[in-house]
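Shared chain: subunit A. Partners: subunit B in the first complex, subunit C in the second.
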Partner chain A sequence: MRTTRFVVAIALGCALAQGADWPTDGGNPQRTAWQKDEKILNKDNVKNLKIVWKLQLDNKPIEMHSLFPPLIADKVNTANGPKQIAIVAGVSDNIYAIDVATAQILWKKHFEYPPPARRGRPTDPLCPAGLTATPVIGPPNANGTRPVYAMAGDGEVHTLNLADGEDLAAPYQFGYPFGKSYALNFWNDVLFTTTAQGCAGNPNQIWAINVKDPAHKVMTFHPKSGGLWGRTGAAIDEDGVAWAPTGDGRYDPATQTYGNGLVGAKVVGNELKLQDYFIPKNWAWLQSRDLDMQVTPAIFKFKGKELMVAASKECRIYLLDTKAAGGDDHQTALDRTGLICNEEVNFASAGIWGALASWEDAQGTRWVLSPFWGPVHPDYKFPVSHGPVTHGAVVAFKVEEKDGKFKLVPAWMSRDMDLAEPPVIANGVVYAYGSGEDTEQAYPDRGLDDNSPERIHDSTHAVLYALDAENGKELYSSGDQIKSFVHFGGLSIANGRVYLGTFDSILYCFGLEGK
Partner chain B sequence: MRYTASMRTLLFLLATVALAQPPAGKPPLRDRAAAGDPDAQFTLGKNYEAGRSGLKKDYAEAASWYRKSAEQGNAYAQASLGILYHSGKGLPHDDLLSEMWFIIAAERVDPNDRQTIVDMRDSVAAHLKPEQIAEAQRLALEWKPKKNP
Partner chain C sequence: MNPKSVMLMAVVSGALAHAQFGRGGGDWMVAGGDAQRSGSVRVDAHLSVDSVEHGIMQTLWKLKLNGVPTPPVVASRIITYKGFKDLIFISTSTDTVYAIDHPYPRIFWENHIPYNSLLAQVKNGTPNCPAGMTAGLSLATPLAPPAPGPGRGRGGPGRGMAPGTAVPTMPRPKRTPATVYALSSDGLIHVLNQHTGEDIAPAARFIRANAKVRDLMSVGNVVYAGTADNCGGVLNGVWSVDLSDNMLYEYKTGDASVIGMAFAQDGTLFATTTEGLLVLEQKTLKLKQQHPGAFSTSPLTFKSGEKEYVVAGSADGHVLVMDAATLGVVNDVAPGGKLGSAFATWEDPDKNRWLLVPKGNAVEAYKVSASGALEQSWTSREMVTPAPPIIVNGVVFALSSGSRTAPAVLYALNLASGKELWSSGKTIAGYSTTGLSAGQSKIYVGTHDGTLYAFGYTLPRE
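Showing the complex of A and B:
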């Protein structure tokens, strides 16, 4: 193994008996990004957060991509006893299993395959030629073995034993070679992913495959849109409907064209069928200004209903009912916010990007969280804020119901962050980060020239923040401790540890000394 | 390194050329815009604003093409002109003229998009005195579409 490893500080007396997992991107199939079982980190002690260890992995970055959000599983029975394991995928077709207590690599898998016939344009940040879907950890089988489902860059799904990395099944084709699949989700034996940007000729659609189907039939639903590029793929509701934003495009129900909206598709028999959809009334404006709906929704229960929130680069949030998204006309949300940001109607470096989040506090208040890029809209006011916001921030809303009407009520806005990315929540603390990446796609002297080398050169470094989830007050900042930026990475949290992988293929583990 | 850079440039140029190719039987976008097609003028303006389809990012050019389209009655171009007047990109910052174009656009846009334009109109109005809003309304009332200005 050529991995160069350096451990800054090994956790002292690491507690292994916590039992919380983070088995999928966004924490759960509903993509709420809420760690319900955190018992170590809290509002009082998070100010003492520090880098417990950082690990240099031998993953080679491709375009701007490097490490995807770690998955965490506790109490995994290994040959050397139970361990808490972090599974980290790298874009150059690597899967690493790391012992969280010692920062040791327990096993590594590198996927090899013949070069696919097509690939994205070299230097194009949109279409890296490699593994792009965050894997997912499935539930244990009868003998307690837990599978890791990972899709290699050639589109094959590998089923690995979480404990030792051995193959549990022969690989099978699911995605499109170098087709840029988004984070895998898992529901009732079915893997889901989404695709966007038409990488290597890949169609933009929702994909599903039953891992127990001997024929491994690939099921798809194609919304005929610009791309389903919600950062954490599809979110799945209680009926197994996979919801994904459709990106730029037209809306024409007569021709089953569902651009600039949110579609929900479900496995029926051995086909993936459209169940419902939501298209904002101003979809034509969104298309005319390239403000596509492109954010993975968060799905949650509230007062006996299952609701979800969705958003777009236009910078407003929609509250929807999963049982009737958009109502009878598919275009009427339960509520929609005003414009939170993007006053200049910028298509590249402003608006809401990535994924949303939701949690419920001890009093039963349901919260919705959103990151955004760029300055806050001067007309949108939050009762609590923490200084001027010009580069991005995280905002929080309370979900309220009165006389059968559901509303998103603004609660707080965080401090300024350099391109705020999707937050995660645990034990009353919101963890967020500014990615530090350069997002410029067009230049006055050249026009559109979205190229990785220039964007990498102009990127800075990520900063992790911990915020009080009740009011957004900053409780911790990593300052300049993280040395590189993050593109398509993400936060994970379990058992007192917060993880973030950066472009230079370093995995950071933040925690408390002695915990 | 040089090879990579050359390949990148070549591929970028090829992609640019490919993007600039009109659908079969349709004149190029710039020709249609120059011939007075307001939809083409809006798209060309948007391409200049975003700096894409082989064009340099140029807010002044964007404003120029938006204006040609807006004067003919394209509501998206009218709203886009309102955005540029408010931000001061490609045009001198002028909230009165921004408000005027948003008022005009709100009257003409598809009903499904109206609220979006109204939100922007009202946002700009918050920066104006009542007499300036009245002046913007007067100018909007007097405005008449022109055929291919």
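Showing the complex of A and C:
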């Protein structure tokens, strides 16, 4: 292994007894990005966050992609005793298992396969030729062995032992080679993913496969839309319905065409069947301006109902009932915010991107969090804000119910962040970051010219922030400690540690000294 | 919701679900819409006789500009550095070119072109020789109209669509900056970046300053223009400049003012003057043929099967249909009254060819047979100096241009019957000298007081 490591500071006396996991992108199948079990970091001590360690991995970035959000599992029984392990996937078909306490690589897996016949256009940021789906850690089997499900760039699913990286099963085909699958989700033995951008000829659809099915039948639902490119793939509700946003396209129920909306599909027998969908009434406007619905929803319980929030580049948030998304006409949300940002109607560097988040505080208040890019809309006001926002911010809403009507009530807007990315929440603290990524896809002199080299060159560096979840006040900023930007990465948090991988294939671990 | 609104929603939803956008469809590239000066939009997603009858037409906005506007040109789904835009480009007598971002409207950019000539600038014009920029704008106009076809690519499903899935309906987005051609009053031809309004190359000398320019048109990187009334001492004639080498070509017409121009699909250029119809070679403007007579309208051309016709109106009120190859007159009708400055033509889905003629105080509709024969069909309601009409998907938009005492009124008529479907009523405050443009379900009217009005349908943002 040619991995170069430099451990800035080895954690001293790491607390391994906390027992919190982050087994999937977005923290859980509902993609709330809420770490309920955080006990170390809190509002009072988060100001003392430091880079506990950073680890240079030998993953080679492809286009703008590099490291995907780490998965965390605590108390993993290894040959050397129980360990807290971070699983990090790299786009060049690498899986790293890192001992969180020592920042040592416990094992590494590199997937090899013959080059697929098709791949994305070189320099195209949309279609990197490699592993693109964040893996998922499955529940332990009877022996306590925990599987890591990882999809290689050729579309094969590998089932790896979390403890040592050994294959627990023979690989099997699930996705499309170089097809740009999004983060895996796992529910009742079924793996889900979504695909977008038609990379290498891949259809844009929801995919499912039962890991216990000996035939490994691949089940799909195709909404006949643009790409399903919610950053953390599909979110799964309590009935096992996988909800995924659909990119630009038409809405025509007569032909089962569901562009610019949100579709929910469920495994029925051995098929993936559409259960419900939501299409904004202004879908044609969204399509005409390339404002795709492309944000992974967050699903949560509130006052006996299971609700869901979704969003788009247009920059508004929809509150939906998972049991009847969009109501009888599939187009009426429980509530819909005004335009939070993107007054310019820009398809590239404004709007809501990635994923949403939700959590509940000790008083039972349900919160919804959203990142956005670009300036805040001049007509949208938050009761609490923290200075002018021109590059992006995280915003918080309270979910309220009155007389049976549900509403999203604006609560606060964070400080300006250079392209705010999906936040995570733990113990009353919101962790967010500005990616520092250059997101321009079109230029005055050339028009559309989305190319990785230029965007990489013009990107800066990410900044991690910790915010008071009650009011958005900044509690911590990493300043210029992170040296590179993040594209399609993301935060993970467990047991007093916050993780972020950057384009230069460095994994940063933030925490408190001695904790 | 009232029953009318419900019906309109049903009509619009149906139109959306089954809309047929042309490839690059719905753009209005030059005065008269295209190189043939058809004055028509072949297909439209929302405007139809049915939808207009059910109330789809709205007054969308009005915008005050600096100067007397020329007819705007329209380009849709441009991928700019500020997002996808439908842009309307318009010039005014003050040598200002605007790009207007529909549907707000917002000025996307504004370029006031400084006067740059050794000849003194004419600042106070006359009714016959107005001062300032007189030429409308042109986009790069294809020689032949594009075949209707589905759009695809960014902003549409495009890649990743499964075989057999529904046809996407949005027109193909324009990925690279196209150009706007503007002839400023100093006689320089400017090639402007549609995204920024900036010159993409040094402006080239084209025509002497202070000319009265008619029919600026860019086809195949060659820009054409006609001059009239010897305004500013500029000779009357047809002019062209090849922008690949800035070579200038001209065909002088002496005392005859150029009225307008149209291309046949093989590149032959027809130009009407006050003394005849000229047939000129593309770019070089060498005379191939001519037909004597005092013409008063721009020509238009259309194909019927393998045959191509050119239609033009004479000063004594005759509409002449001529074989484009021989200039033999195949039909000659006199609707009565003075003819307007241009006609419009459209082929309906049943392959019936229509010709619309503004004359006197009305618009007259003719069916055109395969042999070029004209059969009078209907005459519109009365109008004050009807402007050249346009046809959008079977709907005729006719403008009563008005006068100093009667403001302009826009009417929508059923092409099949002439029945009035809608009118702008008292919305327009002034009179119009600019005529009509259309694109993406919108109709644009400029008035002499510098106001641009937009009517039609826009996708609901909410």
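One rule holds in what follows: the second predicted complex is superposed on the first by the 515 of 515 C-alpha atoms of A that agree within 3 Å, B and C clash if a C-alpha of one lies under 4 Å from a C-alpha of the other, contacts with A are read in each partner's own complex, and residues count from 1 in each chain.
Throughout what follows, a contact is a pair of C-beta atoms (placed from the backbone, for glycine too) under 8 Å apart; a residue touches a chain by one contact, two chains touch by 3 or more.
Keep in mind that what you see is a predicted model, and the values were worked out from it rather than measured.
After superposition onto subunit A, the partners subunit B and subunit C occupy overlapping space and clash.
Once the two complexes are laid over each other on the shared chain, residue contacts for A:N451 go to subunit B alone; subunit C is not touched.
Subunit A has more of its residues touched by C than by the other of subunit B and subunit C. In the superposition on chain A, A:S288 makes contact with both subunit B and subunit C.
Looking at the shared chain after the overlay, A:T332 reaches neither subunit B nor subunit C. When the two complexes are overlaid on their common chain A, residue A:E343 makes contact with subunit B while staying clear of subunit C.
Judged by the touch definition given at the top, the superposed model places A:T123 against subunit B, while subunit C stays out of reach. Contacts of A:P378 after superposition: subunit B is touched, whereas subunit C is not reached. Contacts of A:N77 after superposition on the shared chain: neither subunit B nor subunit C is touched.
Once the two complexes are laid over each other on the shared chain, residue contacts for A:G249 go to subunit C alone; subunit B is not touched. The superposed model built on chain A shows that, among 6-14, 168-176, 222-230 or 312-320, the segment of subunit C colliding with subunit B is 168-176.
Shared contact residues on subunit A (touching subunit B in one structure, subunit C in the other): 281-282, 284-285, 288-290, 344-345, 347-348, 442-448. In the complex of the two chains, the subunit A residues touching subunit B come out as 121-123, 281-285, 288-290, 314, 331, 338-339, 343-345, 347-348, 377-379, 441-449, 451. Interface of subunit B with subunit A (complex): residues 4, 7-8, 11-12, 15, 42, 46, 50-58, 76, 79-80, 83, 86-87, 89, 109-110, 112-113, 115-117, 119, 123, 126. In the complex of the two chains, the subunit A residues touching subunit C come out as 195-199, 201-205, 222, 224-227, 247-250, 252, 254-255, 257, 259, 281-282, 284-285, 287-290, 344-348, 350, 440, 442-448.
Taken together, the subunit C residues at the contact with subunit A in this complex read 16-17, 77-85, 154-162, 165-166, 168-170, 173-177, 193, 195-196, 459-462.
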